[in-house]
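We call the chains A, B, C and D, going by the order they appear; numbering starts again at 1 in every chain.
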Amino acid sequence: MNTDFQPRNPGFEPLVRDSFQRQSFMGVLGAQLISVTAGAAEIHVPYREDLLQQHGLFHGGLIGTIADNAGGYATASLLAAGDSVLTVEYKLNLMAPAQGEALISRGQVIRPGRTMTVCRSDVFVLRGGQQHLCATMLGTFMRLAGVSDHDLTARGVSAPNA
Amino acid sequence: MNTDFQPRNPGFEPLVRDSFQRQSFMGVLGAQLISVTAGAAEIHVPYREDLLQQHGLFHGGLIGTIADNAGGYATASLLAAGDSVLTVEYKLNLMAPAQGEALISRGQVIRPGRTMTVCRSDVFVLRGGQQHLCATMLGTFMRLAGVSDHDLTARGVSAPNA
Amino acid sequence: MNTDFQPRNPGFEPLVRDSFQRQSFMGVLGAQLISVTAGAAEIHVPYREDLLQQHGLFHGGLIGTIADNAGGYATASLLAAGDSVLTVEYKLNLMAPAQGEALISRGQVIRPGRTMTVCRSDVFVLRGGQQHLCATMLGTFMRLAGVSDHDLTARGVSAPNA
Amino acid sequence: MNTDFQPRNPGFEPLVRDSFQRQSFMGVLGAQLISVTAGAAEIHVPYREDLLQQHGLFHGGLIGTIADNAGGYATASLLAAGDSVLTVEYKLNLMAPAQGEALISRGQVIRPGRTMTVCRSDVFVLRGGQQHLCATMLGTFMRLAGVSDHDLTARGVSAPNA
């Protein structure tokens, strides 16, 4: 898999970090954007008692949220300055119990395209200092050409089919 | 599509509601289990400023969370009293801007099986009193025979591959 | 679900049928385009001994093929005359043994969009005169604006990311 | 990703090859099982004029078929001698034009489980001697414990929900 991508905007990092900060939902989850490089992003969520499902594991919806987000920001790292990204769809396989001190989601662009970008995210649970793969995502992300996040917020419209 | 399912345990409702209550993540999201019938479940999330993505819409991860959960509890409604359910995988298509007063997720069993159950969830956004379809999910759920939620919690293990 | 779609080109049927005929793979499979209406398409494949998997059932790849195609042509029915459609991705759940006299795939547009259209296909197996649901698909299809099938053939390029 | 799997039956190869040979659909497609190792399988399909879609590319349904099959046989390589495998579901992203001399599908187990195994397949098109990634699959496969392919054929039943 090629992972040596050339970003259109070499100064993508502050734009991606700004977008992440404006996702109020990340604050509720305690999610942190640890790194964003050309075609890749990593998000962490430390353990909290209110992030669990009925068996005391990290909730699958939380896992899906940061898998999707890591793919979206991996995609965003390769866009031009005035563009924006939307999730078209994603599929998540939950593979092992998500029990531990933190979740780590690593998103990676597989195929960047003019309109559509395909990403994979692997999600690990940190337990006793070891990372265990607990889920994997395959998703499709769409570039909105010449429409920045701020434009979209002003318009209040952001879906692929709008 | 057949939607006239016979639950193995006619007294499923309090068990499902108990499981939902023990998902601490639902509390953080303000999610409510509105109804659960044989093969179907409905979950609502009222608008809050901290549930949004960068354009001011409901976050896609939140949409995926309640789509997954509505499918999981639709599945759980058909199980025997001592069984438990796990999400194997799900796929979510985001189709329209999720802007409004509340999210409504309706999960429905398509095909119940001895081990694997397939569900669909449609997610609507309530805006100006009208429901607008904003996402759809197709997912696979697995029965753990003879293993209740409480057993799993005690063992601290809940994944399909455990 | 809204299924009352207005096609941009009321004369879509011969264009869709022409495209289907040019898929040489449909000939190998013995697949027939039974009907195409605004936002829906139906494809049949009669039983043949060389369409099976190792247990003597219709092969899952065949089921996926006509599920994908029924979604693609359901999408195509709503396009303008000069447009073309590509499959971005699809997910298929196999739910019951595909044993019988024929396969029937019914594709249906869930959400038509300017660029992206989301479709569902249900696949039935005909057995003893009864239709049994054996698989369901959820897929994403992309419009290539102003690029006809014939243009693409001449260019020899048809992928979403081209 | 761990790819160093221990097969339960070290003599898996002839069983997998026998199962592949009994898929009559592989013969129609001209598909060849090039290799099967512990947790991986590779399938090739040489170009033929009757395997194409309307733009003269390899048909997406063919791509999905060999992506699914490579995942299924990667799973089968890790099973005990008396077990059998079924596809529960798969998702395919088509990423680039499949134009060339042959298709190559490489399936790989990501997470083997007692009941459920998750696999990825990458599909390449061979063009001018170079392999180009054109599609990727993420799928779920189910073990039928103590039920061989031949048992299933005799029973004529093979679905996850049977």
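One rule holds in what follows: contacts are C-beta pairs under 8 Å (C-beta built on N, C-alpha and C of every residue); 3 or more make two chains touch, one makes a residue touch a chain.
All values derive from a computational prediction rather than experimental measurement.
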Both-way neighbours, i.e. chains that touch subunit C and touch subunit A: B, D
Pair sharing more residue contacts (C-beta pairs) when C-D is set against B-C: C-D
Distance from subunit C to subunit B - Cα centre to Cα centre, in angstrom: 29
Whole-Å separation of chain centres (CA-atom averages), subunit B against subunit D: 31
Rounded Å distance between subunit C and subunit D, as computed from the means of their C-alpha atoms: 22
Shared interface positions of subunit B, touching two or more other chains: 88-89, 91, 93, 95-96, 111, 113, 140, 160-162
Touching residues (chain side subunit C, partner subunit A) in the complex: 88-89, 91, 111-117, 140, 142, 160-162
Sites on subunit B touched by subunit A in the complex: 19-20, 22-25, 27-28, 49-57, 59-62, 64-66, 68-69, 86-99, 134, 149, 152-153, 156-162
Residues on subunit A engaged by subunit D in the complex (per definition of touch): 1, 91, 93, 95-96, 110-111, 113, 118, 120, 122, 133, 136, 138, 140
